[in-house]
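What follows is a group of structures, each given as structure tokens.
After this come two complexes, each holding subunit A, first together with subunit B and then together with subunit C.
What follows is the complex of A and B.
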């Protein structure tokens, strides 16, 4: 069928849809590889006196490039938050941040000349490596977890999940009204429980061994197990509600776990970056004044 | 021996009653003939307790009868009393069957055979006795009624009111007023706006809807009536609702047969046309018969009463009488060059502007009350490109020049694009010579088109012609296209209906005027989504060029309007214009490649094509079909950092216009709650200050004149408009980072806004929606601020094409 839009098709439209890793045909990956390769080659042919170290001209060059890169990479945090006008894209920044950050492994290591010790210089190097390793973890989760997060939440938002949970709690509360003291205590195990308690480990693993809802359901099952279900049983209703609450909990806990996994590394990456910058300045200061 | 009178007045509504009262006051021998057993049947038939309005408020009442807004019973009571007091000679139960004779000696034959003679006849019978009928299958069933006497008489029913004019709205509101009646009331409006009804009525209706008391369905027409059920044709396809009673209030038309038998001619053959009258209400074809009130084209009570007064004065020989609205119109014409009287000006404008040709002098008066007329010197700018504005201009004299390229001459119109889409002005218009232009406000233009079929046809014809010229390129002239435009028919297509079916013969061409279409090809029995066609595209010329059967199916994504052009006429145009043929062939080759590509891949690639088709269909269901620019999130990449929302808030006064997490998802493609910038924005339909416009980049935005009424929020089917106050200014990023001042990037919490707001300034809540970051260099902040590239903004025609499969995307 011959058709023609009144507006011309946007030829660049499709190219916009690529992730930060594939940005512009891996432009920054290629650049980072080129830089790293060049650094290694020069290092191989560079004839430093006594042995390769940060004090040679090449060492200074690498050090300057490395320090500059570290400061520039830190600026991603500013770029992300300062919504200024202009033709910039955070995706391009992230792409460059990732690949140039990885090239620091080569630049930084060559800058050391493989001399390590228990001093502020090696501290800066160690901090840098930890920051980079946490970043690699970040790349890994960013490229694998989003689809899991999306599949788990379906079309519900986090607020809706929490709402759903509150609603189930209200229903449980209503359904528990006709129950006796002993059974009411069982329902209370679920109602009084903090479903997200259990600290960081529970949040990151999604396992909540002391979950009050599960305990309550087990207790109810023991009560209802031997009896035939005759339809109009308050305990059966509680059982169904607890079942639903547990399903809802599983989903939201999975959601929170994935979100935590997507965020946790930033709690290492960002503070250690500041520590790194402090160590870096100490390193530069000490080199120039006490070497 | 027949009774003889100077004036016989037929119909005792506001117009006839006022005329009779004037005649009585002047001591003229008269008779007021009323078909029923009470005065003013139309108002008598209003539902009990109805509030009768007195609009237009700027008009002064000039009548011997009193009238003010009030309850139906109070109004009728006052008239009955005054008619008796003033000695009006009324004959009830007197239906006039025929009028014979001429000026000075008419004989009126009554129902019983009695004959009354009169020198002059005033026809004031209105149109309510002749309602427009429901012409659909089942429209003649007994539960379909055309009037509602007492809304309190129905309980526990599913009632559908058809027609959203004043009568329909009042009936619907009356039926739903008392919750104890437990009626489920639905009101249907065939368009999206409520231009036929009074503003106060529309507001009342919306208030009821927001209270959950009744349902309002716009863009909906009934298609089939069955006992207990009603089938509807809605914007999104067919729907079937419970319905025990239908109240059809779709307007009324003059009882034409009777009126024409009296010798009174109409302006045109249209069912809704009015009698041809002089400025003194006298029939042009039957002198001595005067037509006033709704039958003359003006249904408002105040106008009717004034006309009743005026017509008797005129018959009595008062030639210096000026209509009551004369001072208002005089002021409008005062600044024009050349001295003319108001009547001369009205006639001048009517005769010279094509869309006004069919209006009666009385309708012209009413029309001019809502419009402006101005004189422009040669070279003077009427409006600039990108000016906001949605009014329509008619050229009464002179001509104008469009962006220095095209000249539009006397009689024609311009500005119709703004009227139809609400877009900003597309070009600068200057007066090419000294000109007189009529500026018609959007509401007045919609009213004109709704009530005057001839005006609607002219606007449609001109906009069709201009659309064709724009699409087919600059080498063509309107004369080249004349043969093709003459065959143009505007057709409405409901959602999901096909205009072209694969494999069929036929060579008509379709231009999509409103809405959008999807192109599908059946492969292995399954429809595969080929492409998406927005409004302004044309489709179907392939069959014209190669004469082969249709190669794909084209169906409406949403309720649409197409212009059907005759294929044979188009073929002749192509034969005459080799350039156009060349161009059409190039476009065709592109599409043939696409077809061949799909055919070639159908075996090896079927699952991918399948997936693509279902994703495309999902997006069309999500309203992407009527979008011009939509934010999509690829959930393979989205890490949920909400930086898009924060960036949005920080770019726009601290309020985010998108909700990333909410919205539908399919195959990891997420459509967040964010404006789609619809082709025909639902939000624009009912904005009292007319604050919603379309910008130069296609963005739909709300300007500062927003009054915070919330209509747009309610009208938006995608829930993307929020009502909120602008929060106070935040401290800068650095002071947040270093000293922890302020709430940080993104939208501040309500608590922070509340505690930091200046208590001296009361900020109103206003409507907030995406403006596509218009005016911000770099484009939409949400996309720029996405760290992983998950957020993309696309025009559907670029995104929804199977060609993307070639690149392994989609």
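What follows is the complex of A and C.
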């Protein structure tokens, strides 16, 4: 025990990052696969009277395992707030969460006996599947999007992106000072546009149809379009600034979109988990109530 | 009046920088124009936005000059007079102009403090960067959503059905809850079978007490007359010893208070709105396979699969007709001989040529016969189509086997079938009431030889014959009941008890209506087959032949439940657990599919059973 934590060069493993997916050579993946395979084999060969059904002995067994598993999986939300090392490290726990959560697809589906209907039982199943699918999505984006995110960001930080925007706003403001009110209003369309506005859909799609900066630029170009560029026109300067701001906005918006795609699954995964637990309770309660 | 304008700016660390400017007199111009007295570098402000001038002692007036209003103490206005002593807040664009009266050195002057209060742009507004870049600002909060969803689910799928349950009061008169939407149907795992369609959504009809698994009493409330399978004690003995798995299941079920052997163990519900699933073969075979090992005194032979493990058929064969009939279940393998009291060679009657066929041809029109007799000429299906109407003398035999013995005018008199004593009486009456044929020379109209002698001789002979005629009846009776006679041809005749007596009798015929009362055979289902494919009637020369096909014939098409035969047949195709003289469940469900299933209408409609 004394040497624990004092073996930084241990067998070439410690230096290499081992994510929760590959934790301990896919230990939990193997376990989850074994559980799923066993569940399928027993399902195929067990003695289901009349037909496979959540109410058979195997159905009840799978249901109990599934319900327990769901509650345990939910506990990750509690567990993740305390980071520890070792066998029961958060990484181990997350790895188990992912793979055992995936095996729940098999356990839950076999528990249904492939009988579905418009009832609380299928509701619980549907919620479970949505939660699992959102989790799968989460893992997928976690393993792909951060790379895209940092590629988009380049070397800048979020704060730098925002500062860049503020700088441009100041320059725009400055450049617009001598303008008449009509032109000043055009510039204000851009200044008053909230780069973080637009709502959830805009965040996820990266499309901002009501973008004030673009509208401002269009209006400015209608003004400057027919005139020759003589190089000393405040509107021309503003046009250039607006173009720069739009480029900055595009990068920020791409950043926001990627971040939204990275985060959105949790807005499904977590609330629906609680809806699932409620539905699970109603499901179990109703089965024993109308027994 | 002196105006002191203080332009206030703030450094990044929040320190104020005040740049005062004194104007001896008004008006003071406010605008974005650089030469304005109060220069507001604010795009929301027009180049020359407003003016402040004196308006009497201690009062100033602000007037908008560009057509855009200003905001004085929160009120949008084009022109406003302000009492300097009371002060005012004037908002123009993102700037706030605070008007106040000067104090001490500046007494008498009007102080106007100018400060930018709004951010230069939306992006410039101070904000929590982490939060701004995350979804937290635009998506509904996770915690709130979680609570809302969980509560919604509990309210909709737990509280509402519970409310529906507790407000569902079963009427005392046995009336049903109306078939409509009830919230507790959201707990139903599937539609009820068609047989129970009228109970749909009436959860309490079966789930009588909450938390208690469905009991047989709930079923018996309607199905009161259902026949049990066998003596429960013998049933218990016949059951195989449960394995470890079954024992564990029993133990768990016991823990939850579920009794063993409930109706619902076999009759599974909530499997969809179709006919109730037919009980599987193994529900039978687990007891009936190797049952003699456990129930050693049983007469029921082992059976576990129609194709592989089923005894030869043992029809109920009458071996002794008459008043004390003996009917025995005999295996077809033993080639049992039936004695039902009738003499009937099928081969002669079905022959394509010969006397029977020739006679049939004479009755083509009146009886609808073909060139020779066929099975259907005598064997007519009953209303169910499963079996046949009983063959009767009057309907099926008499057109050829006539019992006519006399004719009065156009009316043919026949002997009464089925009543030997009447036959004897009718024959006696015939001979008593009729004379011998009168000789031609006793007829007054006849030509005759001269002289009385011949007539007298003839008359004497005739009188003697007439006197003796009733005695001829005995002869005729004997003939009818003896070989070659009308009765003897078809029936077993019992001779008179003494030589002098004429109490001839006929052994009652007992044709079987069902050979296999423990099983079920549906002729209608086999309409595609010819009769001869199972019944070797054309080769049968005696009524003693039991013309049933053996199990091998059935197995040509039928196998066990999972057999690769044309007709996989579980036990329920021929046998019923609750044997009631009706077709077995599987046949009924097939019929139900053919004719649109007929739901159970409750005990009243079913005749109280």
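The rule we apply is simple: the second predicted complex is superposed on the first by the 256 of 291 C-alpha atoms of A that agree within 3 Å, B and C clash if a C-alpha of one lies under 4 Å from a C-alpha of the other, contacts with A are read in each partner's own complex, and residues count from 1 in each chain.
Here is the rule we go by: a contact is a pair of C-beta atoms (placed from the backbone, for glycine too) under 8 Å apart; a residue touches a chain by one contact, two chains touch by 3 or more.
Predicted model, so just to flag it, every value in this text is computed and none were measured.
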item: Which of subunit B and subunit C A:130 touches, first, second, both or neither; value: neither
item: Residue contacts with subunit A in the superposition, subunit B compared against subunit C; value: C
item: Which of subunit B and subunit C A:80 touches, first, second, both or neither; value: first
item: Partner chain in contact with A:40 - subunit B first, subunit C second, else both or neither; value: neither
item: Touched partner set for A:139, first subunit B, second subunit C, both or neither; value: neither
item: Subunit B versus subunit C as contact partner of A:259, first or second or both or neither; value: both
item: First (subunit B), second (subunit C), both or neither touched by A:286; value: second
item: Touching partner for A:250 - first (subunit B), second (subunit C), both, neither; value: neither
item: Partner chain(s) touched by A:275 [first = subunit B, second = subunit C, both, neither]; value: second
item: Contacts of A:154 with subunit B and subunit C, given as first, second, both or neither; value: first
item: Those residues of subunit A which subunit B touches in one complex and subunit C touches in the other; value: 158-159, 259
item: Residues of subunit A that touch subunit C when the two form their complex; value: 49-51, 53-55, 57, 115, 117-121, 123, 158-159, 162, 165-166, 169-170, 172-174, 176-181, 184-185, 187-188, 190-200, 203, 255-256, 259-260, 263-264, 266-267, 270-275, 277-279, 281-282, 285-291
item: Touching residues (chain side subunit A, partner subunit B) in the complex; value: 1-7, 9-10, 13-14, 16-20, 23, 78, 80-83, 85-91, 93-94, 142, 145-147, 149-151, 153-155, 157-159, 259, 262
item: Subunit C residues touching subunit A - in the complex, by the definition given at the top; value: 32, 34, 41, 43-44, 46-47, 66, 68, 120-124, 127, 129, 132-135, 137-140, 142, 145-154, 157-158, 161-162, 165, 184-191, 203, 207, 210-214, 245, 249, 252, 256, 265, 268, 271, 277, 280, 283
item: Subunit B to subunit A touching residues, read off their complex; value: 470-471, 500, 519, 521, 530-531, 533-534, 536-542, 545, 550-552, 554, 584, 587-588, 590-592, 595, 634-640, 643, 646-647, 650-651, 659, 661-665, 668, 670, 733, 744-745, 776-779, 781, 783-790, 792-795, 797-799, 801, 804, 807, 809
